[in-house]
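For clarity, chains are labelled A, B and C in written order, and residue numbers in each chain start from 1.
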Amino acid sequence: MPAALRFPGGGWVASSGALIPLAIALAAWWVPDDADQGYSQRIFYFHVPIALTTYAAFAYGAFCAAAYLKTRDPRWDLRSYVGVHVGAIFGTLVLITGSIWAKVSWGVWWDWSDRQLNVFLVLFLYYCAYFMLRFSVDEGEQRMSYSAVYTLLGVGLIPLSILAVRIAQSLVHPTVFTTSGAAMTNDMFMTFLVAFAGMLCLAAGMIAMELRGKRAALRVRELRRRLEGTDL
Amino acid sequence: MIGDALALARKDLLLEVRRREVVLAMLQYVITTLVVIHFAIAGAGSSQKAAAGMLWAAILFTAVLSLNRCFAADQEEGALDALLLAPIDRAAIWLGKVLAQMTFLLIMEAIALPAFWLFFFGEKGPRPLPVIAAVLLANIGLATIGVLVAGLAQATRARDVLLPVLFLPLSIPLVIAAVTATLESFPGGSGAQKALQFLAVFNIVFTSLAWGTYEHLAGE
Amino acid sequence: MPPPVELAACSKRFGERVALRRVSFTVPAGTAVALTGPNGSGKSTVLRVVAGLVRPTAGAALVDGTPATDLPRSERGAIGYLGHRALAYRGMTAAENLALMARLHRRPAAAVAPALAEVGLADRGDDRIDGFSRGMLQRLSLARILVTEPALLLLDEPATGLDTAGAALLDAVLGRLRGRVTLLAATHDDAFAARHADAVIRLDRGEVA
C-alpha cells in the first residue's frame, strides 16, 4: 500500500476511493434511465446508500454502547461516540441529497408528507441531541454510561421508523425495496451495490481515522497530566 | 419489584397532593397551549383535522412540563441516593415514576379532553373510543420514555433545557401515530387499528429498553 | 472472608479535578475507622465511592469483596450512609419518610417509632420535614440509618448541626453499635475520632497522608 495510505482506516479509504468514483461513473453513464423518473433518478444510487450507511453507523454506535455497558471498557465508549458522530455526518448528507432529489424530481426542497424522509429526520435529530447530552456531562463514567443508554434508546427508533413507513402510505417517496425483493433491474442493482459498498468503506475509514485522532488526543492529555502531576 | 414501584408511586402522588405543584400547572398549561396554538394557526386551522393535531401537540408539551419536575422532589434533599442505596430493583424507581407520571397525565386529560371536545370537535368529531384508546396508549409511551430521559437529564448541567431536546425526537413517532389514530377515527376514516397497534408496539419496545437500561443511570 | 471495606488504589476524577488518587486502605469487620483531613481532601468522595454512589475512575472500592457499584441488590441494604443532605422528602413527615425507607429495606413498620425515639424526634414524627432545622434533619438521617439496621455505617461528618443533646444521642448510638457494625466516619473532630474510632486515616488532597 502506498505510504500515504498507511494509517488506520487507510485500507477502507483506499477501497472507497476506488468504489465511489466507479459508482459515480456507473450511475452517471452506464446504468439505463429509470422508466418513471428519467435521468434525475440517478441520485438514488447515492442517496439510498448514504442513508443505509447512516443507519449502519448508528447501529455500530449502538452495538459499541451495549459493549461498553457490558464491559465498562472506555474504548467501547469511544467507538460508540465516533460511530454516532460519523452517522450524524452521513445523516446530514442524506438530508442534503434527499432535498436535491426532491427538488429535481418533484420541485420541492422538502416534502412533509414524505414519511421516510421525515422519519429519518427524527432519527437524525435524536442523534444530534446525543451530542448535547454528552457534552453536558463532565467526562467520566457517568458521561459514558449516559451516552450509551441514550444511544441504545435510539435503537428502538430504527425499527419503529421503518414501521411508521409501513403504516402511513406514502405516494411520493418511491419505495424501491419491498418485502418481495428489489424493484429494479440487475444493472441498477449492481450500481447500487457498488455505491453502497463504497459508502460503507468510506464510513469505516472515517470511523477508523477519527478513532485514531481521538486516541492520540487522549494520549497527549495523559502525558500532559503526567507532566503536571495531575495524573491518577 | 412491583410492590416497591407502587410504594414509590404512592410517594410521588402523596407529595403532589400535598404540594400541588404539578397537576394544576399542567391543567392550566394544556388549556393555555390549546388556545395559543388555536390562535397561532387561525388562518389555516379551523378545521377538525387541525384540531386533532393541536390536541396532541398540547398533550406533548404538557407532558414535558410534568417531566421537567419529575425528579425534583428526589433531588431536593438527595433522596434519590437513598433510593439507589435501597435493596430494590432499580427499575422499580423508574416504574414508580412512570406510574406517577401516567396518573398526572390522566388527571390532566380527564379534564382537558372533554373540554377540548366541546370547544373544538363539537358534534362532528371523531369516534371517541379510538381516541381515548390512543390517549391511554400514548400516556404509557410518553411516561416510559419521558421518565428515562428525565433520569438522564436530571444529572446534567443543563437539565431543564436538555429534557425537551432529548425527549421530543423520541416522541415524534408516538405523536405521528396518535394523530393518525385520531384522524382515522373521523367519519370516513379508515379506522385507527393500525395506528393503535403501532402505539402498542412503541410502548413494548421502549418499555423493554427503558427497563433494561435504567440500572445504568445510577452512579456518578 | 473479605473485609467489609477495601479500597485498592482507588482514584476518582471529576472532570479535570482529581478528588482521589490511589487511595488504599482496609476496614476490618466490626472495627471503626475515622477519616480525617481538611476540607476538600476527598473524605466525602471516599464515603460515596464505598456506598456505591460514585464509580471509581481507576482502581477498586470493594464491599465484602465485591465492587461497591456492582453489589447485588440484597447486600445493598447492609450499607447505611449518612451524607451532607438528609436523603429524605420535604413534603412528607419524618415518620412517613422512615416508613418508606423501612418498606424499601424490608423492615417492619414497627421499626420507625423506636428509631425516632432513639434520636429524640419521637414527638416530631408527624411533622413535615420542610420545617426541620439542620440539626433535626441530621437526627432524621441518623434515624433513617437505624431503621434499616445496616452492617456497614458510612457517616460523613455526622455531628454537623447537632446541638449538645443531639451530639450526646449520636455518641450513645455509636457506643451502642460499637463492635457490632463496621464504621467508616469522616470527621474534623479529633475528639470524636478518639472516642469512636479504632484507627484513623488521614487524607490530604485526595491521597492518604
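Methods note: a residue touches a chain if its C-beta (ideal position, glycine included) is under 8 Å from a C-beta of that chain, and two chains touch if they have at least 3 such contacts.
Just so it is clear, the structure is predicted and the values come from calculations on it, not from any experiment.
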| item | value |
| --- | --- |
| Co-neighbours of subunit C and subunit B - touch as defined | A |
| Relative to subunit B, chain with the most remote C-alpha centre | C |
| Distance-to-centre winner among chains (Cα means, whole assembly as reference) | B |
| Comparison of A-B and A-C (more C-beta pairs in contact) | A-B |
| Centre-of-Cα separation between subunit C and subunit B, whole angstrom | 37 |
| Intercentroid distance (Cα basis), subunit C paired with subunit A, Å | 48 |
| Cα-centroid distance, subunit A relative to subunit B, in whole angstrom | 31 |
| Residues of subunit C whose C-beta touches two or more other chains | 14, 55 |
| Touching two or more other chains - residues of subunit A | 140-142 |
| Sequence positions of subunit B contacting 2 or more other chains | 219-220 |
| Subunit B residues within the subunit A interface of the complex | 145, 148-149, 152-153, 155-158, 162, 165-166, 168-170, 172-173, 176-177, 180, 194-195, 198, 201-202, 205-206, 209-210, 213, 216-217, 219-220 |
| Contacting residues of subunit C [partner subunit B, same complex] | 14, 48, 51-55, 69, 73-77, 79, 81, 83-92, 96, 100-101, 103-106, 128-129, 137, 144 |
| Interfacial residue positions of subunit A with respect to subunit C in the complex | 138-142, 230, 232 |
| Contact footprint of subunit A on subunit C as seen in their complex | 11, 13-16, 18, 21-22, 55, 57-58 |
| Contact set on subunit A toward subunit B in their complex | 69, 119, 122-123, 125-126, 129, 132-133, 136-137, 140-142, 145-146, 148-150, 152-153, 155-157, 159-161, 163-164, 167-168 |
